[in-house]
Amino acid sequence: MSQHFPALLVTVPLLSALLISIVGWLYKRLCFPIAVAALSVTAYSSVGLLLSVMHEKEILYRLGGWEPPWGIAYRVDHLSALVLVVVSVVGLLNLIATQKSIQEEFPEKTGAFYTLYVLLITGLLGIVVTGDVFNLYVLLEITALTGYGLIAMGEEHAPLASLNYVYMGTIGACFYLLGIGYLYISTGSLNMADIASILPGLYDSRVVLAAFIICMVGVCLKMAFFPLHTWLPNAYTYAPSAVSSLVAPLMTKVMIYVMLRLMLTVFTPVFTFSRVGLSDSMVWLAVIAIAMGAVLALAARDMKRMLTYVIVAEVGYMVGGAWLGNRAGMTGAILHIANDALMTLCVFLAVGNIVYKVKGYAFKDLQGMFRKMPYTMSGLVAGALSMVGVPPTCGFFSKWYLISGGVQAGQYGFVAALIFSSLINVILFFRIIEIGYYEPFGADHGQGSSRVRTAEAPLTMVIPLLIVAGGLVMMGVYTGDIVAHVIAPVVPPALGN
Amino acid sequence: MSNLLSSIVDNYNYLIYIILMMIGLYAMIAKKNLVKKIVGMNVLQTAIILFYVSIGAKKGATIPIIQHGHGEGAHEMGASVIKAAEYINPLPHVLMLTAIVVAVATLGVALALAIKVYDRYQTLEEDEILAQIREK
Amino acid sequence: MDTIVSIRPLVAVLVSICAVPLLILSKRSNIRETWTFAAAVAKFLIVLSMLPAILNGSQIVYTLAEVVPGAAIKFRVDPLGMLFALVASSLWIITSAYSIGYMRGLQEHSQTRYFCFFALALSATIGVAFSANLLTLYLFYEMLSLATYPLVTHHQDEEARASGRKYLTYILGTSIGLLLPAMLISYNLAGTLEFARQGFLAGTCSKGLVAMLLVFFIFGFAKAAVMPFHGWLPAAMVAPTPVSALLHAVAVVKVGVFSIVRVLTGVLGTDLLSSLDLGLVICIAASFTIIVASLIALSQDNLKRLLAFSTIGQLSYIVLGVGLLSPKGMTGGILHMAMHAFGKITLFFCAGAIFVATGKRNISEMVGIGKRMPLTMAAFFIASLSIIGLPPTGGFLSKWYLVLGSLEAHQTVILVVLLTSSLLNAAYFMPIVYRAFFNPPDGNAQDTGIQEAPLFCVVPLTVTALISILLFFYPQPFFRLAQMTVRAITGG
Amino acid sequence: MRALGIIVVILTGAVLLYALGDFPSWADPTSPAHKHVSPAYIEKSLEQTSVPNIVTAVLADYRGYDTMFETTVIFGAGVVCFFLLRTPRKDRARVRRYRHVLTGMTIRVKETRKTPLVLEEFERIDTLWAPHDLIIKTACRILIPFIQLFALYVIAHGHHSPGGGFQGGVILGASLILLAISHDLRTALGRMSERLHAILCPIGVFIYAGTGALCLALGFNFLDYGALARILHVDPVTARSHGILIVEIGVGLAVMATMVWIYSNISSKGKYDEGL
């Protein structure tokens, strides 16, 4: 069985997505259980995959039994296994956490919703496992399409935001497609490993350079890297809370993964860091991204929008770390993919609970929240601390690696940007926490505070949130092991140690 | 420089695709009308399809369908006589079948979204929509 | 110097965290207070159980997890940490008794939250005391900052909000803005963060860099309230008095100075500092703080604010003592941690007791209060003696050693500073006591005979006052621990 | 905006032109694209899959995994359109219009729970009613069967001639859409209800993915049609060609259904009563 994990990983959710869409027309109530079952299988097999990868180096799976480069092959190494686990676990937790709000928001279209939800997860997983650049494009489009649909069902300006996302996303995808076209024309292959083995002879070819640049632009568009981030805030703000708590943690992170995959596997590290003279400018762009993200977040007037700009900043973290071109930076970037996914999920779930309860996510809706929804707020605080980077939450440790990478690379601008954004995060989140904490109080500090009743969200929403919050700390405490056993093998020796 | 020119001249098809693609890109960025943007999007995708297909071309080769050998057991006798040079490269065409389908799907979704947008604002002109949003 | 591997340090840290769920779950307040006491006593006993081993010159080590290569979450109990832990954990018992009296006396709201975060803060304090490397120290330092925020802003009104903001801005701002970079730079220089006998930075970097790191560290630990980063301490006085007492006379501020001492000795190393004679920098900053703080204290009318400024001054004594880099000076400084703790907490208790009994905050209203609350004011008198540094109180010893240290280091200027500040201390404490006892209460408040605060308040402050006398005669084990620390550092 | 567009276009164009210099000249048989992977397809496909149409072989077998997801993309698009546009029951049109064929007078009927009147001298009409052109109607009615026949041919003959699931599926879909245009949406939906094509479309994809999963179940790799030999009692190579056929049928179904689904959603804004 275990050698078929890679196939199961993608086919099980795919088949169940189809099943859901059929069942949705016959017997709606079954949709949710099927989705849960599917994603549990996925989570199980992805964890199994991670463990088996940790033993033998990397797993190759030939689809259709054809030898790569003629057939399509899965290639699962430590990096992809890690991201797989993150994606499937986040997807599962969010699925369970948001069941209630889905029932409320789409009473008639639950079938369609869960179909798209599971398809989205399928696409993300596929992107992560595949070892073929064109296959990656197809899966990219699956995630994109389903994403458009899910986002557009939000309130007020959601369709417009989603349409803009369609434009930007399509441009990004087209650029990526064009890039791999250039790769194909110069190497004649579509298999990542194969391309990587052919490229060294072609380092000086302009076509390869152009291919690299075009692909990078495309991917940067998709992951909302600073100058190209314009679509993200609206899309994620207006999306239904159940959706934004799915796409916000996963989409950008998986795109970061794609970038790393291109940098490290397809275009070999040697080419990326020594032949393409882009490292410094990318790091500086990242610095700007972080700074702008922080500043724009300050200007935001509601929680969701604020968080979306925080995401823009976080993308800057990872891109910057990856382009520092040293071991610490790369480790930090990879570690931050997992950590950031978790903490983004945490804060968005908390916001989701609040929206479910008070039907709003403006700052003022938070008044007296600590008394109304203590557990949700504690979850929010945990996420906030992780975003700020307070030990022992995991956010601190990835920041640790990123900063020390910056110090080693002598990129003090990057270090400064990271510190700056942590300080801004303190302001951002404590502004929220203050509003929630200081209720409109009477003059007396007596027992007058029982005016606000406790009205916590249902358990199915609170428990996953608290699990995630706990996970933040666990990730932090076990950072050492994760780095040693999962991330260290990924970082290419070309980046020194 | 001269070799650049010559390469451009005998690669005029690539030149055409670049021009097409730029048109599409420009439309997507500069046009105010949402449907015009969608049209631009399709032009962009078509340009890339053109690019791929022209990769597949091969001098003195025909379409990649093996003339002889029909039905069952054709492979035993068919195998030996086939030469790669006689048939054009099938791979780009395969890829483009996929790309076309993806383009269609994207178009469908984009149109659906456009309809929703129109329902909400009673217009498809971006600046008018933004004006509406602002005054709210 | 043998090392024992034992989980006890971790337990000592965790015991009060484990108490938190119990506190939340306990329905009736008596049960809740029982749990608090249980946790406090347990903590103290665990700490105490490690004392003999430490006094025998061995140290206790426990590693939780290797988070970053060269920097684990690791605990190490050594004399310095033990001294601090003893002070903090013993005072927690007394304070929890006091806070029961205080909170009930004023019928404060959401007491459960109060006790929970109090417990958390204590865990953090002990964690800092026992941390074996900079990372662990930073971890608990931040934990303390966040755990104390709800305590400081307990009243949840506008004033609390403002001062809460100030508190966070100073504490988190400095720790993220200065401390974190300093820590990471030193990590990348030395590849480790383990506290070493003579620091791990020796010989890894230039003088300029060391100086920069020194500045970053000293101001980065804003809890030590070295000027100009002292503003949060007076602001934080909006907190309920027990909080101010334990946290702002003992736990938080002492954590600040303790961390500075740790960094000066364990990270930068005294030899490195003296070789680059950077000790002077510290001394100047400290002396400046001492004098200015005392002068400001003179002009305060709100008793708690006065105490706050006096604390700011006293803290810099400790920094100064270590900054002298002379064995006796260091002994004095470290000893002062304990002595000042007992003295200052008594003073805060008194202030609180007065507020509970009479609702008075300002000194000007406390004329003749000695007749109503003789016990309290007696304790106040003793404690102020200890702060000024006169026998027969513990404060005398520490100050004496500081003086010796300044002589040893041939820093007559410092000597002058010390004496002046003592005079200033006297100048702002004695009038209070004098007016309290010998001035008649002003007309409208007629003499109502003896009217002390509730027993839960009075007993603790009497105890602490007595302890600070006791420490004059029997300064053990604190004195021993201080000496051991210094010997370990100087190797002499 | 316009300036930005120009800048972007110029930058991108510059990069592309810059790369153009190192392109292999067009249609050069020795360029890497033709040397590395593709020759194997051309030379081996017939003997490995016994499918003369190399494109079909590569599409459905060598890179069958791509194609599966390509079908999934179509399916996804269908679901998205439905998800976005289909109007919830509560705010669907409550009014129906009928026209008395002989007199040409129209009546509005409030929709009620019980089935509305059906008399042959009344015909249901759209709000914007234009008299249907008899010629078009008849022509289409004659044409559509042939179109569908051709579609089936295209699907079935994809092994030997240009064609396959997608092409055939699109033609099938087109035939139904033609029906909807020439008559009206209701007639088309009468032939093939919403629920039917909404279910057919996942079933189509299911045939594809299911075939793959079947191979998995038979202990081979996913989508390794060679496994089907055991069931179909033929040699693995023929099994592959059969597998391709099965898959193509699935694709055809999915594409056809989705096309109709998307059309009926977009053309009626999800109301499903009045199309174009």
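Letters are used for the chains, namely A, B, C and D, taken in the order the chains are written, and counting of residues starts over at 1 for each.
Please note the rule applied: contacts are C-beta pairs under 8 Å (C-beta built on N, C-alpha and C of every residue); 3 or more make two chains touch, one makes a residue touch a chain.
Predicted model only: the values in this text are computed from it and were never measured.
S.K.: Please flag the chain sitting at the greatest distance from chain D, going by CA centroids.
M.R.: Checked the centroid distances; the maximum from chain D is C.
S.K.: Averaging over Cα atoms per chain, report the distance between chain C and chain D in Å.
M.R.: 75
S.K.: Indicate the whole-number Å distance between the mean C-alpha point of chain A and the mean C-alpha point of chain D.
M.R.: Once rounded, the distance between the two centres reads 32 Å.
S.K.: With centres defined as the mean C-alpha position, give me the chain B-chain C separation in Å.
M.R.: Averaging C-alpha atoms per chain gives centres 71 Å apart.
S.K.: Between chain B and chain D, what's the gap in Å when you average each chain's C-alpha atoms?
M.R.: 18
S.K.: Would you give the residues of chain A that are in contact with at least 2 other chains, written as numbers and ranges?
M.R.: In chain A, residues 134, 138, 141, 145, 148-149, 152, 159, 184-185, 190 touch at least two other chains, as defined above.
S.K.: Return the residues of chain C touching two or more other chains; collapse runs of consecutive numbers into ranges.
M.R.: Within chain C, no residue touches at least two other chains.
S.K.: If you look at chain D, which of its residues touch at least two other chains?
M.R.: 16, 21-23, 33-34, 37-38, 41, 63, 66, 70, 73, 76-77, 80, 84
S.K.: Should the pattern of chain-chain touching be classed as line, ring, star, complete or other?
M.R.: Chain contacts: none of line, ring, star or complete; other.
S.K.: Could you please write down every pair of chains that are in touch?
M.R.: Per the contact definition above, the touching pairs are A-B, A-C, A-D, B-D.
S.K.: Which bits of chain B are touching chain A when the two form their complex?
M.R.: Residue positions touching the partner: 21, 25, 28, 34, 37, 41, 44-45, 48, 51-52, 55, 91-92, 95, 98-99, 102, 105-106, 109-110, 113-114, 116-117, 120-121, 129, 133.
S.K.: Could you list, by residue number, the parts of chain B that touch chain D in their complex?
M.R.: Going through chain B, the ones touching chain D are 3-4, 7-8, 10-15, 18, 21-22, 25-26, 29-30, 32, 54-61, 63-70, 72-76, 78-79, 82-87, 89-95, 97-98, 101-102, 104-106, 108-109, 111-113, 115-116, 119.
S.K.: Looking at the complex, which residues from chain A come into contact with chain B?
M.R.: 134, 138, 141, 145, 148-149, 152, 157, 159-160, 162-163, 166-167, 170-171, 174, 177-178, 181, 184-185, 190
S.K.: Applying the document's contact rule, which stretches of chain A touch chain D when the two form their complex?
M.R.: It is residues 4, 7-8, 11, 14-15, 18-19, 21-22, 25, 61-66, 69-72, 107-109, 112-113, 115-116, 119, 122, 126, 132, 134-135, 138-139, 141-142, 145-146, 148-149, 152-153, 159, 182, 184-190, 198, 205-207, 209-211, 213-214 of chain A that touch chain D.
S.K.: Help me check something: in the complex, which residues belonging to chain D touch chain A?
M.R.: Residues of chain D touching chain A: 15-16, 18-19, 21-24, 31-38, 40-41, 61-66, 68-70, 72-73, 75-77, 79-80, 82-84, 86, 88-89, 195, 198-199, 201-203, 205-206, 209-210, 212-213, 216, 220-226.
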